[in-house]
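Alright, structures below, take your time with them.
Both complexes shown next keep subunit A, but they swap its partner, so subunit B is in the first and subunit C is in the second.
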Partner chain A sequence: MNLLDVQNLRIKFSTRRGETEAVKGIDFCIGENESVAIVGESGSGKTVTAMSLTRLLPPPPVCSVSGKILFENSDVAAMDESSLRKIRGRKIAYIFQEPSTSLNPVFTVGYQIAEAVRLHFPETEDVRKVVVDALAEVGIRNPELRYKSYPHELSGGMQQRVMIAMALACKPNLLVADEPTTALDVTIQKQIIDLLKSVRARRGMSLLLITHNFGIISELCERVLVMFRGKIVEQGRCADVLNNPQHPYTKALIGCIPRLGMTKKLEPIDYEKLGAI
Partner chain B sequence: MLKYFTSRILEAIPVFFIIVTAVFFMVRFVPGGPFDKERAVSEETLAALNSYYGLDEPLVVQYCSFLKNLARGDLGPSFKYAGWSVNEILREKALVSLELGGCALAIALVLGLGVGFAAAAFPSGKIGAALSGISLVGICLPAFVLGPVLILIFCLRLNCFNAMGWSDFPSDIVLPAFTLALFYAAWIARLSRSRAVEEKSRGYVRTAVAKGCGKGRVYFVHILRNAVEPVISYIGPAAAGLLSGSFVVETIFQIPGLGRFFISSALDNDYTMIMGCVMLYSVFIIAFNLLSDFLLAAVNPKIAKEMRK
Partner chain C sequence: MKSSVQSESKRDFSSAEELLRVCNLTVSYPIAGGLFGGSKKVFNAVDDVSFSIRRGEILGLVGESGSGKTTTGRAIIKLAPISGGKIFYRGENISGLDERRFLPYRKKIQMIFQDPFNSLNPRMDIFRIISEPLDIHFKKMSRQKKRDRVAELLEIVGLKPDYMARYPHEFSGGQRQRIGIARALAVEPDFIICDEPVSALDVSVQAQIINLLQNLRDEMNLTFLFVAHDIAVVEYLSDRIMVMTGGKIVEQGDSREVCAHPKHPYTQKLIAAVPKF
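Right, the complex of A and B next:
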């Protein structure tokens, strides 16, 4: 049985200039302990797909979602608000792209992590210890001291670690990481990827990684889905897709990756040629 | 933090003296004097009055003796109200204005924040539009319209309050305090609404929802704490204005407060009274701005950090 099974997912946005379909009927699944990546360019629908998994998108009429999102065999798309709250954070946790804006500036990071723990495990006696352990797990030195820090007192990399600690504190079954390293510089990116890798190795949880960076995918994921204009155009094992892409868009996307010692000019994606797809 | 506020208080002292000095000389350069009446006063009487109050001496000498008295806390006699010292008038009238202004401030805060945050909770619905509309009316409606309308409705038609008077009944404060508060309440409502709507689209709100917070928790705990900032900055100067009395409201409701003296002392060229009113108002402005900065630091740790630098 799959942990997550998405069937015929369609996401529409109504704007003043009419409707746009951001996701046009996609199907995919994630197994227990499996790690899956969704790649695609900006606007391909990968982030809204991730947001729709716990209905984080704006409510209708702005945005309407149809299709089935089966998580542990219950349909998230049809769930009532209170059952949904028990899944958010507890079963499916998120890490977002911009750690600096994703944390509330007026509360200490310790409080913000503790809030998640209190919401889902109200019977916990020593919440503080759980939080400090979570901070320590993501490699924050002096977790006792950092508990009382405000987000603005931490660097971007540290803030993202706090976000990861918050996501992990409730031991979720699925971690959704929406471009977790895009806002960080390269050395910090590497640290965050290594951290996610080691957490997964230790805990064994499923991961859905949203990214446009092929380098991260091969490090972290087993399977990859390529999204283009709201559709999944190709999917398969990471190594297969990266080494032997079938779809012209995937080929074009992989053709854009610079490599060390490369002498050929990078090819921009020719959308005219892809237009018919 | 303590260092920051000590330095702010020390900065306020020269500001205060610049205001006092400027006003001292400005009022004396205004044509006319405190004893110019419609009925001409004889030369001898005028000379006697001027020498009694020390107005015949050179300005610099007057200024020095003013400062000397100020250091002792003595603001001198009122020129207009013979037998009264400015200290006595301020003490008696300011208490009335403080009481009225304090009530009005409380009403403005409760009403303003309530309406503003309720409107922000339903930004696109009819309730939100209605609440925003009401607050716009509140800003546009001047006290000299609102006051008489309230008197008409609540005193003459419904007979619940006295139309005017002060301290006869405890309920006398209700209508004037509300009249005074409405404009401020409306401003606070608009400030808090627009900021709360803005805060709703921030990333941390999405994080809070994603970790399982309910709607109420997201709004009351996460958003509102961030949305009170502009209100706090606003209530500094607003509190100074409210607590120092209002000419219009005190005149409409016949309240023996300080507000009327701000206008009448200037019209009467009552030099010492003008100085008293100006000094009281500047102390209020300085003190309440300091207080609102202190509150801002308490609400937002980022601002507190900047102050510590």
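Right, the complex of A and C next:
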């Protein structure tokens, strides 16, 4: 059985200029303990897909979602709010791109993590210990001391670790990471990638990674979905898709990214040629 | 064996004219003390940096946030205060010049900025944005001549001449970066400092801008200082690379050589951190 099974997902936005379909009927699944990436350029629909999994998108008429989002066999798309709250943040947790805007500047990081723990596990006796353990798990030194830090006292990499600690504190089955390292320096990015790897190895958690960086995908994920204009144009095992892409868009996307030691000329994507797809 | 290595390495500029020489450049900011606080403490953002660039060359400057790479670029055109060292442009010392005597060098040396959304004035149309440097450096140019020049510049950067009546918000990020490049080219500079010109762009647009910069170098024999954090992009575009950390240049050399066989521990760490695929 798959942990997540998305069937014929469509996401439409109503704007003043009429309706636009951001996601045009996609199907994918994520198994227990599996790590899947969605890759695509901005506007391909990858972030809204991730947000729709726990209905984080604005309600109708602004945005309408259709299709099935089966999480542990129950449909998130048709669920009432109270059942949804048991999944959102608890079973499906998120980390976003910009940690500094995701954290509340007026509360200590410990307080913010504790808030999540209290909400989802009200019976917890020693919340503080759970939080300190979570901070320690993501490699923050002196977690006792850092509990009392405000977000501005931490570097970007540390803030992202706090976000991960917050997401992990509720022991989710699926972690959705939307461009978790884009705002970070490359050496810090490596630390965060290694952290996510070790957490997965220890806990056996599923991961949905949203990114445009193929390097991170091959480090972290088993399978990859390539999105283009609201559709999944190719999916498969990472090594297969990266080394032997089948779809013209995937080929074009890989061909326009500079890699170390590259001697070929970069070729920007020719959208007109891809137009018919 | 030797010949294959030769063909992979970049162009050799050792016989070209030395355009810019930076000697022991230091930029420091006060961090504590002064006035009533006792003795002044300073932080050296750029610490005793020396390098030179030859005509037609693309010199890459790579480093993480806070390494001083941006400040180095800005100090060359007096956008950051120099506290020590000298800068020579074609043999002339330009570091001590007052604003009036520095003006001719502002024409020779232009800059392209990172964020195409913040570096264009939203209240000016594209004609005014691109022709503004002409108002300063070519005071006697007629309006018709300016229009012709702007039209020509737009074509050079791959935009339609009739875009000059439009405003920045009507353009995408990649198009705005092209406008920023056209503005830099308006006064026929010899030397362009690019500060992270592609890091805010989608991968395909990034490839377009990289190729555009490369073509400009080839066709106009321009010289570039290319400041960026993405070492793969810097390696691809630059002939030589300098690696900066903590305000110091720790390694410089042929870009292929530095990336394939990094010598300094920091460069090794930086390259090892890049996720590969």
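Please note the rule applied: the second predicted complex is superposed on the first by the 277 of 277 C-alpha atoms of A that agree within 3 Å, B and C clash if a C-alpha of one lies under 4 Å from a C-alpha of the other, contacts with A are read in each partner's own complex, and residues count from 1 in each chain.
Definition applied: a contact is a pair of C-beta atoms (placed from the backbone, for glycine too) under 8 Å apart; a residue touches a chain by one contact, two chains touch by 3 or more.
Just so we're clear, the structure is a prediction, and the values are computed from it rather than from any experiment.
A.B. asks: Label the relationship between subunit B and subunit C on subunit A in the superposed model as either fit or clash.
C.D. replies: On the superposed model, which is not a single observed complex, subunit B and subunit C fit side by side.
A.B. asks: On the A-aligned overlay, A:V106 touches which partner chain: subunit B = first, subunit C = second, or both, or neither?
C.D. replies: Touch partner of A:V106: subunit B, not subunit C.
A.B. asks: After the superposition on A, what does A:L119 contact: first (subunit B), second (subunit C), both or neither?
C.D. replies: After superposing on A, A:L119 lies in contact with subunit B but is clear of subunit C.
A.B. asks: Answer with first, second, both or neither: which of subunit B and subunit C does A:Y150 touch in the superposed model?
C.D. replies: It touches subunit B, and subunit C stays clear.
A.B. asks: Have a look at where A:E32 lands relative to subunit B and subunit C in the superposition and call it first, second, both or neither.
C.D. replies: In the superposed model, A:E32 contacts neither subunit B nor subunit C.
A.B. asks: Under the superposition described above, what is the C-alpha centre angle at subunit A formed with subunit B and subunit C, rounded in steps of 10 degrees?
C.D. replies: Once the structures are overlaid on A, subunit A sees subunit B and subunit C at 80 degrees.
A.B. asks: After lining up the shared chain so the two structures overlap, which partner does A:L56 touch, if you call subunit B first and subunit C second: first, second, both or neither?
C.D. replies: In the superposition, A:L56 contacts subunit B only.
A.B. asks: Which partner does A:R90 contact after superposing on A: first (subunit B), second (subunit C), both, neither?
C.D. replies: Only subunit B; A:R90 stays clear of subunit C.
A.B. asks: Touch test for A:N213: subunit B only (first), subunit C only (second), both, or neither?
C.D. replies: A:N213 contacts subunit C only, not subunit B.
A.B. asks: Where does A:M166 make contact in the superposed view: on subunit B (first), on subunit C (second), on both, or on neither?
C.D. replies: The answer is first: A:M166 touches subunit B but not subunit C.
A.B. asks: So, A:R259: does it touch subunit B (first), subunit C (second), both, or neither?
C.D. replies: The answer is second: A:R259 touches subunit C but not subunit B.
A.B. asks: Just to confirm the value: shortest Cα separation between subunit B and subunit C in the superposed three-chain model, in whole Å.
C.D. replies: In the combined three-chain model, subunit B comes within 10 Å of subunit C at the C-alpha level.
A.B. asks: Across the two complexes, what residues of subunit A are contacted by subunit B and by subunit C?
C.D. replies: Overlap of subunit B and subunit C footprints on subunit A: empty.
A.B. asks: Which residues of subunit A touch subunit C once you look at their complex with the stated criterion?
C.D. replies: Residues 41-42, 185-187, 189-190, 193, 212-219, 242, 252-253, 256-263, 265-269 of subunit A touch subunit C in their complex.
A.B. asks: Using the touch rule from the top, collect the residues of subunit C that touch subunit A in their complex.
C.D. replies: Spelled out, the residues of subunit C in touch with subunit A are 8, 64-65, 202-208, 210-211, 229-233, 235-237, 256, 259-260, 269-277.
A.B. asks: Contact residues on subunit B for subunit A in the complex?
C.D. replies: Result: residues 202-204, 206-215, 222, 225-226, 299-302, 305 of subunit B touch subunit A.
A.B. asks: Where on subunit A does subunit B make contact in their complex?
C.D. replies: 54, 56, 81, 85-90, 93-94, 96, 98, 101-107, 112, 115-116, 119-120, 150, 152-153, 163, 166-167, 170
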